[in-house]
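This report refers to the structure that appears directly beneath it.
Chain IDs A, B, C and D follow the sequence of writing; residue 1 opens each chain.
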Amino acid sequence: MLELYRGPLDVDSIFSSWQKWGKDKNFGAFITFVGTVREEEGIEALSFDVYEPILKKWFDDWQERANEKGAYLKMAHSIGDVPVHTSSYMAAVFSPKRRVALELIEDFVEDFKASAPIWKYDVVNGERVYARDRSQKIKGSGLLDI
Amino acid sequence: MLELYRGPLDVDSIFSSWQKWGKDKNFGAFITFVGTVREEEGIEALSFDVYEPILKKWFDDWQERANEKGAYLKMAHSIGDVPVHTSSYMAAVFSPKRRVALELIEDFVEDFKASAPIWKYDVVNGERVYARDRSQKIKGSGLLDI
Amino acid sequence: MVRVEFLGPIGKEPIEIEAKSLKEVAQKLKSDKEMSKWLSECAVAVNDKLVDTLDVKLKEGDKISLLPPVCGG
Amino acid sequence: MVRVEFLGPIGKEPIEIEAKSLKEVAQKLKSDKEMSKWLSECAVAVNDKLVDTLDVKLKEGDKISLLPPVCGG
């Protein structure tokens, strides 16, 4: 399941509902990744634009891949402003045993960073500045540059 | 920090206190592994013996290794009986950014399985049966078999 | 007519243009100075599916999206 | 005297024996039928530190622990 929220994530309550879901489904291994906005270089917050139709397709492809290994994925992300020391991103893998979950969490999070259609901005003095330097071109970028 | 509890872990409350700790410390990435007792082959529970002095040394060595990479570890484990669909094991890595955390969680959990001085028993019809088939010899075993 | 959408930080309103293929879209966008700097950085989706070739025929009402470099999480 | 502890599923009470080295401990345990099957499976710690050689001199009051195969989590 893919969950989008306006503003920071309520990490404890999302974790709690995911963990209940996983134990009821008899999964033995449950791994979560939580991304939290660090206080650095005077930023007040990060801010995010999300393009949901393509994000959903990207997520559904990953879900299918996970299901083939007997695993299941969940993800939550923020839209808009997320102040420092609050969280914008959670990803989870559930599997019967640990190996599959340990492998999937790494690939899932890394591909998320490289491919998910989400744009990040630093919020400094109330202004939104595109985090171009920390962004990655999606595979196949430049197609229209003829 | 290493936390030992009698019986199943209160996963939500441990997670919540860890996650609060991590965000206050300005860590950007926080990964948790939760191990839950699966319902299978008619077991009622798993049960654990823990040898704390050596477990603590093993954990402290890992903590030191993580600290050298700017990361921090936490772990919780149960002692005694843990019924099906409840959890016996949680491990966590905190780091400023994601790469180190994703690498450490895998190595930390795998070495835990291979080296931590903890013994597992199936509880079937109220009886504790050593899970020999799923157990691993600690590196260097057989030293006294002269 | 097809609709071209500019996602995230590009910050440009959608436009409607006449184009029978993705190649024609590229040619039209190239002539827009403001846009041309983005073209080398953007991935492209047609009707919300990422594409990796310009040989895509377009039909009336298709939606083309430009996706600049991403950074979720 | 040194103290030998049997951890986890071995299920045997600690014993006190006379031994000046780990090798002597091994020899004494070997003669105990009940124990000998565990010897090939167990790791060994002296004073809660795992060891990888029998060339360990022991002194009065040292603690030797036998650790059978583990499975945490």
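Note that in this section a residue touches a chain if its C-beta (ideal position, glycine included) is under 8 Å from a C-beta of that chain, and two chains touch if they have at least 3 such contacts.
All figures in this text were calculated on a predicted structure; none of them were measured in a lab.
Using CA-based centroids throughout, the chain positioned farthest away from chain B is C.
Mean C-alpha positions place chain B and chain C at a centre distance of 49 Å. Per-chain Cα centroids separate chain B from chain D by 25 Å. Here the spacing of chain C and chain D, counted between their Cα centres, is 71 Å.
In chain A, the residues that reach two or more other chains under the touch definition are 35, 98, 109, 113. For chain D, residues that reach two or more other chains under the stated contact definition are 73. Applying the touch criterion to all chain pairs gives A-B, A-C, B-D.
Listed in rising order, the residues of chain B touching chain A in the complex are 11-12, 15-16, 19, 22-24, 26-40, 85-87, 96, 98, 101-103, 105-106, 109-110, 113. Across the complex, chain B is touched by residues 7-9, 22-23, 25-27, 29-30, 39-45, 48-54, 65-73 of chain D. Touching chain C in their complex are the following residues of chain A: 35, 48-51, 53-54, 57, 77, 88-89, 109, 112-121, 130-132, 134-146.
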